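Below you'll find a set of structures to go through.
Presented sequentially are two complexes of chain A, the first with chain B as partner and the second with chain C.
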Partner chain A sequence: MTIRGKIPFLAGTLMALGLGWVGFPYAINTRRPQPVDFSHKVHAEKGGTKCEDCHAFREDGTFAGIPTLDKCSGCHAAAMGTTVAEKNFIDQYVTPNREPQWADYARQPENVFFSHSVHVKRAGMTCESCHGPTGASDSLRPYREDRISGYPAEIWKVSGTNHGMKMADCVDCHRSKRMEQSCLDCHK
Partner chain B sequence: MKTTRRDILLFAGGSAVGVLMTPAPWRLITDSALWSENWPGIPRPARGAITAKYTNCALCAAGCAVRARCVAEQPVSLVGVAGHPLSHGAMCAYGLAGHHLPYHPARVTRGPVEEAATAVAGAMARLGANERVAVLDLRPGRTASWTYRRAMAAVKNGVYVEVGDVGNSAIDLTKARTVLSLSVPLLEGWGTPGNVIAARAGFHLIQAEAVESRTAAMADQWLRIKAGSEEALGQGILLALGGQSTAAAAEATGIPEQQILALASELKQNGPALVVGGAGSQSAAQLAAQLNDALGALGRTIVARRDAPVPDGWKKAAPAVDLASVEDGSIRVLLIDESAPGAYLPWSDVEPKLVRDNPVVVALGWTREGYGRHAQYLLPTGVYPEVAEDIPRAVDSVEAVFRMAVPLVQAPQGVVKPEEWIAKAAGLEVGDTLRERADAIHKAGRGTLFTYADGKSVATKDVKTDDFWKALQAGACWMDEVEPAKRPAAVKVAAGATRQAAGSANDLPLVAMLTEAPSSPLLSKIYQESNLKLGPKQVAIHPDEARAAGVEDGARAVLETLAGRIDVEVRVDASVSRGAVLVARRAAVLDVCGAGVRAKVVRA
Partner chain C sequence: MISEIKPIHAAKYGMTIDVDRCNGCGACMVACAVENNVPPAHEGATDRKGLTWLRVYKVDNGEEYPNHRTAFVPVMCQHCNHDTPCVHVCPQQAVDLDPATGVVGEMPQRCLGCRYCVAACPYHARYFNWWDPAWPKGMEKTLNPDVTPRMRGVVEKCNFCHGRWHAAKQLAAAAGKLAGEPVEYTPACVEACPTGAIRFGDLNNAASEPARAAKEAESFRLLEKLGTETKVYYRSKREWVREIAQAPRPRQSGKEIARG
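== the complex of A and B ==
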């Protein structure tokens, strides 16, 4: 191939690399903001709350997940502070008693059974092990959803970590603990 | 610079190479795979609040207490209720998958309800003097059974036929020290699983059976008797207890005479003893009763049991009879309640009882695999856990009990409630019979109410009537007060669950063993897509038996019994005992071949 011939080839390659590494990840996901600009950092530092205060386990050991409005209203029956986010939360959700439609960054496929209780209580894992430093974030990053599969983009890579939440990531961790033998642990 | 076609191709080639070095194609492949998991037709589990509901399993008479984990009101898993005085927190494999039953592939949800009502009304109007209207109740002992009896008392020539009633006696396994089981599947679905397991350590189990069933494998002693020689063994023990010769029994059973004498001695010396079996025929039942009487079991391990109270107004009801006592060719209208899974009476026993000219047969069932194959009308019914129904007493429940299966999921549109449909056909007005029964029990003031959510027992008389009913609807069990053990007036034990007595034909060399029926789509999916279980018309035999019959693995053959013939496919399996033929527990097979029945496999 001559120099003259290499130019279009390299141009095509560079364009594809650019589109594949920059354009594609952007285009494959939809984005939407969370309903409330929530600060984990403020709640942890100023409110002194811990992860499990809001993301609690029920009496029967099941994980309650994202807290419902009742939980928030326990403290935020009236505005606490003068921020725009606080006003928005009170006006749009607390006062009309409307549940915020939080988007779950870690939603798993329907054919997977995941027990938070086993991982947190029995294995002693921290929330950050899987979810990354979400607890220290000052605002909620936009929720990105894969246009084709419909799963959260963070399944492929959790923000602030070098791992995802796909089966391969679960298997890697289980394998490191020598607990990878049972498919039925997750696929019941 | 002029762009040539060659440049465009080079650009495209470079792009193709470049794309391969990006995550795009690999991600698209993954996404496509994930997308395929989410086709629009794929059912999506409901998401919502996780709650616990309590009920009682209605798949068999054991009626094990159930805790259902529900997500958005949809049950997703069932477990036993720890601390339950009868079921002890245990459940069988089918009970654990019971919430799949409404989604069974063979489920029927539509039927000619109005046409059947018209046909039944017409036939009843033209009923001859010697013709009968009959209800065949495959699960007697329920509140619905009382309604059937009342309905049959209300119509001309009505007769209520029950199958497999255990009478007013119960077996108290906790009192037994030695148990002789005559081919009864004592450890595999006979009584209440948790109750049997809890009592198991307290008795020495001797299983007399021609094949090594699971019970035989788990028994303390397996007596390998000749096929169909259970009655001969029982007779031999009776003779031994009376000090007479057992030579004939030894010849018939294939067991040495000394062993029969030792067995009789053990039953007598290591009491209280119990003999379980003998429901296959009148003579076998009578023999088992005689044995228990001779061993002093009556009043000790077999005790009288009161029935749960019923409203006084219900007692004007037709008596319960068994099918054999109904004259041949007399039933003009036959209404069959097979809404509960499990029981089945071979059609060859039922058909002779029908009139020859145009009998009207209505089957009320949840699947088309039962009597719906023979009836003119198959009406769809709800099935556990869709409907509210009480569960009959278990054979090993010493006290009378009343507990209900409460609906955990909604029944599909168009299903009928057999009790209401039959009552309406008979012109009997019924209200909320379960509530009436519960009120009658509460009014009697006996016994205790065990509530599942808190695991507490409270005296019935300390509960208000409405609270009693609410508790039963929320999963609770009423248990009668414990009475001193009494000798039952008449003994008729272990019916229904007992393996049927074998036939006597000597040219049928094999003994049939039944596999369990898949009752959940999950289990049936495995069953349909693998060879883990026998198909509907498959039988399995030992290689030696296959050689003797001249059939090979996969060959078409005919299964012959005294009741008839059925085309089957043969599977040759070395794990099947010699002398046995393993058949699937399906209605089509049960029409000609029950468990313990003598059979023969011949080349097609």
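== the complex of A and C ==
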């Protein structure tokens, strides 16, 4: 085959690779918006000042995660502002007392045991060091989920950070802190 | 073991089981299965193919009436502290001896199902999943969220109720205890035993029940000659029970072996 004969072949290969590179993340993940257009920034400024005010720890050390509706309706029984997002939230969730189906960007496989208490209260880590600057965000980014595994796509790379929430990311940190002991430290 | 890091305040969890107190009721076996999401036995399960992280064996002194005597010996993973056979043979590094707790941990998700560890274990404490787990309708609601159910084709075993250890560690962290400080917790079998035959604690803590019991003359470990330095100690005042624990096979009639 001559050089000229190879050109269309090489161009085709490059095009296919490029298409795969760009298109694959869209093909592999489903996207859906969060149920409510929530602004962490507004709530951090006007409501609680710390993450823990809403994302609370329980007495037994477990982490409550995303707050439930009763936490919201404490303030939002009636509209506090004039935004459309708040009006929709009250009409669709607070008044009918319906829990919003939040999607968790950081949901882990079921064989993972992760304790927020151990990392935050004992190791003194900040929320941002894993979750990124979520508290400063003005709107919720769409939730992407892997079609095959069913896990959130942000496990691969957390928005606004240089790391993900894969096992390799956990191990990297544990290894650098010399806290790597046994598989069952993090698995159950 | 992943690494050779030695924490400053390592725990060495262990058990002491008073064979003379065990009446063979099997409450520990039930509690263990419920705690660790062990499914009800598949219809094809036999003594060899069932899943019993903890199994109560019946042994006798081999004599005829009126001198016939029996004893019940609960046997779970003995958590070998030295030359742990299953850790050595695993080609997947799915088993490790945690230097911080002394627990021999099994990672079913890493297991490829070769069952080399089942063959290597001198205590028959490892079990293979011959079927996918299935719970009767509605019973899946009783599953313990702190323990992952295992799939067909992997090996599983006792890990001293690691889910409870996680919870205890988390509680200690929330209460402001420092890292590496051993936590106290109680495995399900210990909690369920109506006669208090099974006690659990940190062998490094001289005041704990297993540490005290381990020093007693009546105390013994299974197949001590293997040098595996297991962390489950047994106790019996009866000499024939102590002898049986050192024999390669329990002196049982064929019928009793079949019953397990």
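Quick note on the criterion: the second predicted complex is superposed on the first by the 185 of 188 C-alpha atoms of A that agree within 3 Å, B and C clash if a C-alpha of one lies under 4 Å from a C-alpha of the other, contacts with A are read in each partner's own complex, and residues count from 1 in each chain.
Convention: a contact is a pair of C-beta atoms (placed from the backbone, for glycine too) under 8 Å apart; a residue touches a chain by one contact, two chains touch by 3 or more.
Not measured: the values here are computed from a predicted model.
Aligning the shared chain A places chain B and chain C in steric conflict.
Shared-chain residue A:G5: touches chain B; no touch with chain C.
When the shared chain is aligned, chain C comes close enough to touch A:G61, but chain B does not. Which of chain B and chain C touches more residues of chain A is settled by the count: it is B. By the document's definition of touching, of the two partners only chain C reaches A:V118; chain B does not.
Touch criterion met: A:E110 reaches chain B and chain C at once. Of the two partner chains, chain C is the only one that A:S182 touches; chain B does not reach it.
Of the two partner chains placed by superposition, A:R32 touches none, neither chain B nor chain C. Once the two complexes are overlaid on the shared chain, A:S149 sits against chain B while remaining clear of chain C. The clashing stretch of chain C relative to chain B, chosen from 3-11, 57-65 or 129-137, is 57-65 in the chain A superposition.
Under the contact criterion defined above, the residues of chain A that touch both chain B in one complex and chain C in the other are 60, 62, 110-111. Looking at the complex, you find that chain C touches chain A at residues 1-3, 5, 7, 94, 96-101, 103, 105, 107-110, 146-148, 159, 162-163, 166-167, 169-179.
On the chain B side of its complex with chain A, the touching residues are 6-8, 10-19, 21-24, 27-28, 30-32, 34-35, 37-38, 44-45, 50, 52. Residues of chain A touching chain B in their complex: 1, 5, 8-17, 19-21, 24-25, 28, 58, 60, 62, 109-111, 146, 148-151, 156. Taken in their complex, chain A has these residues touching chain C: 57, 59-62, 110-111, 113, 115, 117-118, 121-123, 178-185, 187-188.
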